[in-house]
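Could you have a look at this structure, given as structure tokens, before my questions?
For clarity, chains are labelled A, B, C and D in written order, and residue numbers in each chain start from 1.
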């Protein structure tokens, strides 16, 4: 707090902002300033609350406590419109385009240039779109609809949309997640020129190179709370990571040493156009193999294809020697596969259903007698796993939506572990789980592996990868770039391979 | 049956509340409960008709009630028949939407002691049917009117109500027979279309008729909704005065078209008289004055004496013909 | 729809895809052109079969016949574009028709315009009820408007209680609206045309109109971009209500005799016309021109089938098949466009 | 353990699931939509029994059952379809077509014992056509079934035209409306009971039923859990077609009249009953007891009002009002509750919290 420099008031400031969603405390009294002519980076783990900060600034969420100040004056942003009127432009983490409308309309929705009689001037809108794209070095036809655009193009349109507002405050929540180097460079050039014209910019990214290349100052947050703030020049990656994670990593990962058994999962030449190519690896009983890589490297797509929810173009998947048919999750389940998906809200759980219904969704047939499911059987089955994973729930009949994020994640785990899989594919196992319970999940994974399960873990959290994996497979842009045994895996070696700087395959 | 249940006549036994023996001198008791079930409430024709029923019931010192569905379907009528029989009505006067579908309910009502009189359109299980007019009279009147208007020669089409309307179909069949006879040999019935007793449908069917039969000389519409829609169509089209139109219509609805010359003459019974007669017939059955046998007679208030004809029918009389000279004498 | 494809391993910057944009626009236009073509084919075939089909009188009849459905389809199109639906239009039309007819009968002296205003206002009021329930109480439009379908009809029944207003009771000037023509085109058809053009222009050229599309395309994104979603949805329902009211007025003027059953069952016909016209039932795409053409197509089918002397009993089945054909075709077009866009991305360097 | 503040965390010990106190279970049961409808049904029946003569008679109950039988029957599979987030508006037309075909086959001289299975098979095929158009062609079910609604009804007219076939044997028609010996309960009541039980078990006590909720509420999660969303939906349409055909057979025999226009516009009554019963039009929520209560509520209210000589027009309006109130009331109650929570929170903090109405997703559209 002593760091707040006195002179002119910041363009936008968060003052002791707290925000909870039910039991999840997304923000706990966070303060930060965005100043004119400065690019302010915000870093923190997944679920640290960065997007909540963004949404608070954007007027999507109103803070439970604390407030937002603009030019030193307290404001109430009750809706996105309020924030926009106050000169805030936001690039959300998830693109928010209108798929049916043209690219130009997407950019200018609600602010279309007008001609006589308040009619929309489509010609001007088109030229202005082209100007914006020229600035960003993008070549997209302004008249085409937004549907069918790649995630990268969508992200670029979001950027163009934000730029078109000529905002005083520009907030960018992982704008570069889907972009390639060229586009990133262009974006940075534009961002710097906006900064030089006096805009206050908030930049969020998981890529440290970008943060160091672009930002002037940096705020680290953890579990919704402020950790540190300093000029970027005074920091280095190690310090930031350490302060971001903030605790001794070893205690988090109670890894048991297990002698690997027979090969349970064999992937050979798995390829899906535009997603991943020629992915081959195998996993033995008792092994935990981590798939590491940057967001968007294609790791989730690989495990989804293996499990059968996505199709793949070529390659084979074998479980204990038996080839799995493509695109048939039910067959994969019969073969003893389980997939804990990365997105628990969309893919893992049915939010409207109760805890017990979700927990037994994968075991409906196994639990039924004479084709009938009884509530007591369901309840008993749920209770067993819920207690083992320490799911904290008021009642088993409560809708899953009322659980905290971590408990939801545990429930997804319970739902799949209950099927007693031989091979567990687990995607971002601890995303959104609070630090205290992460260790429990890790211990459980370790135990299961020790009991002879083969585990494939996709994780964006490097410490988790390093702490848990027997082997680390690193992916970069859809390809395997490295296979590192536990002894060789380090933050540097994994990050190098993940950013594609190091093409060597071990 | 080893071959399963196939088509074959199973004769129906009717339970009726009607007395076994007629007693022509019996008094119609007071306080009889009459329930009128029209084809559809919200149908102005039915509303007007039942006003006659109400008059009759008042004259008989009975209790009048009008209940019915908002859609002209048999199934919704059945619920009302059930309700009526539960409430212990003495006389049920009904214009059936389907001759058969209402029967199970009616039979049950009869079993509970309710007298059932059909009016406007018949069912297979009533005690008595009040025919607006005999099928022959109605068909003959319309064909005659048409023949007069087109000088006995030309193409004629029929615009009917719903394809299932029993009475309509009977009249149409009779008219077709007449058109083949010597007397009306110049008339050729070229088409029959259905406007579903819906104003807009009838209107559009009329349009279709004019296009598919460019040489059409006349249209007969034996339904009040149909003739009104057809008249409106003609009155605003180039066919006004070219194509003759007649049929069964309500004077109030047709007055405009008589006056502007679109229509020369049309016919109708007085629906209120029909319902009035139905009321008295129900009373007479209730009292045992008649049992529904052919040849029995009863008094129907202002309308005078009526005789039961074959198949338990009572015929109101020949339809009235309306034209420029007399139309202003009627208000319904 | 946080869509996108996985990896970002296409190293080159996004290539220009001009060709696809215009292709897309052309396919969009093709939707309306296709409808026009269908109508044209139908008319020509029918005309060849029976040349009277294109007589002055008959064309007038066809235009008149399409009027009500067209106006309703324009309103319904506006609502469906926002990813909602209004099933109560048939009842609103009936109520408004009866209101305007009774009003003009009860006060024979008042100017016709007042009567028309009464009808439209009543429709708008019904729209306000629907809109308020949907937008303010945030309950699903299908359930609410199914409810108001019954309620408005019930009010109509109760009000009419078995009576009917006949043409003879209505002022001749009012009936004249339904009967007069300008340059051979019936006045109601001109009104419908004006409604189509104005609504089409509004939805295309005004911010609030485009926002309706945005809402239907992606409601969550619409809220994030600061669009007053509830207010716009409310507005769409009020507009639809007013148009249903206008249709009621025209009904009364054209048919002259109005009872409480007017417009029964119209709602599904309207939704069908709108969907046939290429307005996606999940919102966000389609135009009111398309919806209007869908209405014209359906009613031309209705007029042509009797002339083609297709057995009356086949007519409804044919209409049903045509509806299925139309939505299937629309889907096919959409899929092909999407595929072409995708392929364009791969090759269009 | 009653927590008055919305922010209080459940106070169950770490890792334990609170044993459910009976009162709490009861409380949460009472708050469901189904409970509201069942409660409304009980109130309506009690009120009617007290105020309306001859309502509370077994004879009237028989009539009531006969009247609602077709709607109740179709509402059962319709519930399943709506729970999977689809809709089938073609049911009444399927009923009509079945009736027409039944009449036609009967006049051709086929025995009823052959006709009935044929009709059921045809119903299944009609349902399958809907299902294929929805799942394979990927068309929205609302639009598809508006189309097949017209097509099937049209085919019914093609088959039977304007005729009505009425000479069905008394031995069959009287059984349908006949009563179980010694009672006033019609046989169809027993059939309904069996059907309802079968569907109830299917939906609420089998793995298939569990799957339906998941498919409706979150198709993606259902796919991730190994379900084939398309197959499930296809089968639900087939089931609906079959039951609609069964209802067509019932209808034909009950009224002893096979006609193309039988049960015209019944689909709206069915959908209304299903929605009244608490099934969410967006899928994933609802129960059969609720729907059956909804059907009976509509049925008994109109029956009672008819007996009370309330005119038909009021019946129509009451139907609509019930429907609106049933969706608006819980929503308003939620908002009021939320408002209260918010107020108690603003006592601690100064800024307001945003309201996230329960039905945010509902602005999503006619159906999701």
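Going forward, a residue touches a chain if its C-beta (ideal position, glycine included) is under 8 Å from a C-beta of that chain, and two chains touch if they have at least 3 such contacts.
All values reported here derive from a predicted model rather than from experimental measurement.
Note on connectivity: the fewest steps through touching chains from chain A to chain B is 2. Set against the C-alpha centre of chain C, every other chain centre is closer than that of A. Across the two interfaces under comparison, B-C and A-C, the one joined by more C-beta contacts turns out to be A-C.
Here the CA centre of chain B is 38 Å from the CA centre of chain D.
Between the CA-based centres of chain A and chain C the separation comes to 43 Å, rounded to the whole angstrom.
Centre-to-centre separation between chain C and chain D, using Cα means, comes to 29 Å.
Across the assembly, chain C contributes 157, 161, 216, 260, 312 as residues in contact with two or more other chains.
With touch defined as above, residues shared between interfaces to two or more other chains in chain A number as follows: 60.
Shown for chain B are the residues in touch with two or more other chains, namely 41-42, 70-71, 163, 194.
Contact between chains, as defined at the top, is found for A-C, A-D, B-C, B-D, C-D.
Taken together, the chain A residues at the contact with chain C in this complex read 58, 60, 79-81, 83-84, 92, 94-102, 105, 109-110, 112, 114, 118-120, 137-145, 147-154, 156, 178-183, 272, 274-276, 296-298, 300-301, 477-479.
Remark: chain C residues 1-18, 20-22, 24-25, 204-207, 210-211, 213-214, 216-218, 220-228, 280, 284-285, 338, 341-342, 345 touch chain A in the complex. Note for the complex: chain C touches chain B at residues 50, 52-53, 55-58, 61, 65, 157, 160-164, 166-168, 178-179, 251, 255-257, 259-262, 264, 302-303, 305-307, 309, 312. Those residues of chain A whose C-beta lies close enough to touch chain D in the complex are 18, 20, 22-23, 60-67, 76, 78, 309, 329-330, 332-333, 339, 341, 346-353, 355, 357, 360-362, 364-365, 367-368, 371-374, 383, 386-387, 389-397, 415. Taken in their complex, chain B has these residues touching chain C: 40-44, 46-47, 70-71, 163, 193-194, 198-200, 203-205, 207-212, 214, 228-229, 232, 236-239, 252-253, 255-256.
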